[in-house]
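Each structure below is given as structure tokens.
In what follows, chain A forms one complex with chain B and a second complex with chain C.
Up next is the complex of A and B:
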């Protein structure tokens, strides 16, 4: 049997992989996408949990999807429709005086004034500066080759912000711990808010655009899995072939160039371009033949060991009691983080392999806006928990039970009676997420965040590109779009 | 209308008034006076010396209340102030010891671990030189032309590195690695696993001991050069005329007329205690408010009735008690929350072994430095009970590696960050003049848009710990600021 042959093969049918494949197909390439699992979607997977419930396994909100992808691949025509377009950010407080940060500046100012008059006055200025700086950085984060360099004033501010920690930056603006602890949650992905560079995460987040709104978070009907389905439909319409249950185990290299891949079944697929949506580490240490990427690069990558990560806790509820305290929108994303300082203690505990006493939790109730996700009257809760140890001292199986109990207790504190209504629960440890999707095992790196796309997307092996290498890990598709463009350009030059 | 304030110096106008007679202030005064500027130093305390002053904490027993180790005095300053002839011996320990209850680790100079420390010391020195060059060569920012992008600083690639990573790259043995981290983080609060913590190694202070003669020698150097030193004179006000510093107001109501002022206080203390908040330009006030200072050091001075049983080499060495990076991380988290850590990082030293004059014959003085001690406690003030609790924790830690110490104690004095603020005027008891963090080091220290030591207020210069060279070298920041002032004042007006 002769090997199948394509112009390009894409590893992974997540949002990044499907986006990359679509753009390659749009440029006239014959493209195959191989997916190890029997399901499409990768990190944007929506899966059943119990009878009649659909839960977001990894990502429960979209905040970084590239608007150009939605437009250029006509995703709306392929079924993408948003249930929530702009989630408010709600910091739940023990006394019931929650922090509600919405797009409406006046409403937000009124809410912040409960906690601090000075902070309420500072909020519009902070938001303006955050959004303006973030917009100035869009060329760097949105395009493979920025058209013009940053203006001088912006560069100086960025120089400083690139070094400041999120905690220190927020401290310089606000006095209320409630507000700071709520805002700092977004600066905890792979880093602590006390580390230099973490303020960049807040900027990066504010540079994104969803549904035409800067810095918004949104959820499609059907959960984030619906994004993957619409992308798959768009890709197929462009002629992309998608093969599930096909586990790529080896990269084939010929004349020092990527020449295709070998599957676990033994089949080989020839292709002049290989795009991997796995992490750099998994791609270069796991797939590429030893030595092809340069021994030093591989050694450095394999050496990196992550000690702290994030976990997911999914719950089904047979009823959703009301939130304690002041009225909050149910389709918001809720942050439970008591104090800014508790992130430090939690980080130290997690690194030592223990479950921290004060966890930082972000949770959403996707079924509040999208009734189809749960049976009538019933609900799902999806909670993201940071930081938790990557490898638990007592083993993750026992820790999963503790973690679920802790999350339920934390929610119960703000939604009295919730614990009685919990049906099923599912916990995914950081290692579960990393193994399931082949990503999430790399640390935060500020140089990585501010470096040009070339350095993230290209690999030492010509013809091999990384199509999931976002500056900050998120469901975006941008890395796929840019990897496809860079791959096509490299192909042209040959 | 009040009477015109009495003017000191018989109506004379000084060229330079130095605020604070610590190492920086005295070195600055000597440099200024040598250049022919009429210089006066005002000092709040009774004696010049600042943190170099030793105190008799129990009859017959002397110790430095604030620190054991000093950042190195750069060689060029050491020789130009002629300190050698004034009897100062550059002292540095040749050994450092880490002790756990069941084992110990010795670091001898030179050793493999030394390459990292030497690299850090070299970078600190290069940083100081760079700060000095900047101060002398960059005058004012041109009005309209944009400033050129600043050249990278020598230590730039240390900015976002974690101490654990830096150390792991050079030191294999976990005990040795913990030892080096303890050396770098003595008296501080930093999580060695977090990015940016490697900066502490740059500013780690070296191993020079605060010796008895140092404060006096520096004061002599300043006086010999022609500077006047006035003690018991607290500066409370910097007066301006036509947007320039014109006089320094003192607490006793008198004033000193001067062309320029050089403050060796930290950034916050300089701007918040010497100016009216409203008189400060908005951007300056904002920057000063946002500058982070955080005290983390406590000191325990112990008078012992006989020398502890240690061999001669260890007797003079700094001894780090059971260093463990994970414990340092948890102590830092506690410190952030205003809690006294269960196991604060602790190093001690038998200072009378190096200088027998500090204690009566056959007695000894031991000083301990504790890190991660909060300035503000979450549950209120530093009461007697809380001090006792901390003292007992520290003594238990020392006892665990050196059994029998407790029984030898004649007197003990504990100094916590509020005491340091009270005694030294260091905001929040921060001995390093501002948190050592990536956004507060090098070109960002103290972070005005005018290169330090110049400040946005004409005629005011900032030396002291909040300037770029402040935490890296003793006397370094003072000399740099003095040179900048000489360059500016010598220029035709």
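Up next is the complex of A and C:
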């Protein structure tokens, strides 16, 4: 049997992999995408749960999709349409005194004034500084090689913010715990808001753009899985071949260069360029031949253990009861985080392998805006829970039951009657998500947030690139776009 | 070895009674005689007669398992897969960025069984690297003692003890020696033999060698004498002449700058750090050189000048009793490394000589002297 041969093979048909494959195909390369599962989408997967429900397994909102990808790959023409274009951030508080952070600055100021007059005055200035600094940093996060260096003022602020925690930064602006605890949720992706460098996460988040709006969160019709579908259509239109059920188990290396992959079926595929959507750790420790990426590099990577992650709780509801003190749930993401201080205790508990007493939860009701996701009158709730231990002391199976009960109880406090309407529930532990998608198993390091793209995308093995190496774990496609560009450039130089 | 207790070697009881000046050193966590009587005499004994030296301080690890050969082949700059059981080779291991991390010998005990022997222990890193190959190295530095038998009469001494000494260099054999299980090897530096034995047998082994060596004028040699032989052999030692590349991204020292490039096999196509080494071999400007002096020994890192320009610095220096002059290893620019080049240096003032003095050094080819075992008795 002669091996199939391509110019490039991409491992993983998630948003990153499909984006990378599309750009490579656009440059005239003959590209194959191999996906281990029988389904496209990776982290943006929308899967059925129970009878007639479709739930977002990993990502329930998009906040970092690169607008240039939407435009250059003509995703709108391939079916991408947004159901929600800009979600407000709502911090649910006891007694219905919620913190509502919307795009309308005046409305937000009025709302914050309920909690603190001083914070209400500070809000427009904070928002302006956050957005301006984040915009200035876009070249660093958006392009492989920034066209112009950061302005001096921006660099000084960045140097400072790179060392402070989100909690300290928010403390320097605001006094209301309700506001700070709500804002801090976005600084908990793999790190705690009390850890140095976490302020960068707020900044990175604010630098993103969705549907032309800075720092927005959006959801396409059909859930985030629709993004993968439109990307796959765009990729196929460009001539990309996509093979599902093809599990890449080994990277082939010849003369110290990537030379293709071997599948679990035993088939080998030859390709001069290999782009992996998997994490650096899975790619270099699992796929690459032992030691090929450097004994020291690989040993250090394999040694790294992630301790804290995020879990997903998905619920189906027979009916959606009224939210205490708030009207429409479709355009909002809700954060349940009582106090800023509770993040620290929760982080410590999670690191120790226990389920924290006070969890931080972000949940959305995707079916409120996109009626096709649930049968008429019924709804789904998608909740992101942070921080939870990666490996549980008591085992994740028992903890999943506890976690689901905890999340339902936390939601019940703000949506009375919700518990009675819960139909099916699904809990995904951090390890479940990591094993399902081959990502998210690496410890968070704030150094990656500011490191240049090639340090994340390139590997010690020439011809092997990581196309999912975002500075912060998110569905963005940017890493795929940049990996394709770097791979093409490396190919030209040979 | 900080925090760890300094251990005695299996030969300590005999070394202590021979050590007239009670002069001890610690190396790799074990106590060793610095010298027994006079380091110069001991070095001369190793060169002209026969000497035994305690080499239990060498770090030794067994690497055994289905992928042991694959791992060592990836680790080392020469391919141990090509070894027949019972033979050994000398090689380097480089960091990911091409710096020399360690140097040593690897001996093949069986199809899946190897021993790594080195002067500078690197256990954590080797263990971490081996874990990618599902291997757990087993440190045997404390479970076996070792004596080196060096000198023109080393072979005759061993033969007199009743050992079968028909052994080529870079081979070894497990032997049953009048009631003792020992390994007799020839992977050491000075053309001699090494005997490895169980700790409890150390004293017996020492006594048998001393008794058999009496007609040949055998003497125990301390660390100072053995280090002197190293210098005379032109061997740069980790920890003494260079800092091994223990940092993750260290590109220095390169094999060329240490005169160790002969330990790299160009036919071996896939070892750690190879791509960086291939790039470094064209750009490296430093070489290891031997220097001879008419005057005193210079301190390590004394600057060396050529036509008024700094071209390098000295490493270890010593007075060689065999050459009867001061010699030193040095790192110098390629242009100044040609034998015959005269370099100048300044010796600082001291209590004996109140003024600093200018001195000259001649570059000579390494080694300064052939290994003692190669001199016909």
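The rule is simple: the second predicted complex is superposed on the first by the 489 of 494 C-alpha atoms of A that agree within 3 Å, B and C clash if a C-alpha of one lies under 4 Å from a C-alpha of the other, contacts with A are read in each partner's own complex, and residues count from 1 in each chain.
Here, contacts are C-beta pairs under 8 Å (C-beta built on N, C-alpha and C of every residue); 3 or more make two chains touch, one makes a residue touch a chain.
All values derive from a computational prediction rather than experimental measurement.
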item: Chain B versus chain C as contact partner of A:168, first or second or both or neither; value: first
item: Partner chain in contact with A:131 - chain B first, chain C second, else both or neither; value: neither
item: First (chain B), second (chain C), both or neither touched by A:341; value: first
item: Which of chain B and chain C A:221 touches, first, second, both or neither; value: neither
item: Residue contacts on chain A - larger count, chain B or chain C; value: B
item: Chain B versus chain C as contact partner of A:195, first or second or both or neither; value: first
item: In the complex with chain C, residue positions of chain A that touch it; value: 255-256, 285, 290-292, 294-300, 302-303, 460
item: Sites on chain C touched by chain A in the complex; value: 67, 70-71, 74-75, 95-96, 125, 128-129, 131-133, 248, 269-270, 272-275
item: Residues of chain A touching chain B in the complex; value: 152, 155, 160, 163-165, 168, 171-172, 191-192, 194-197, 339, 341-342, 344-345, 347-349, 351-352, 446-447
item: Touching residues on chain B, where the partner in the complex is chain A; value: 146, 149, 159-160, 191, 193-196, 289-290, 292, 326, 329-330, 332-334, 336-337, 437-439, 444, 447
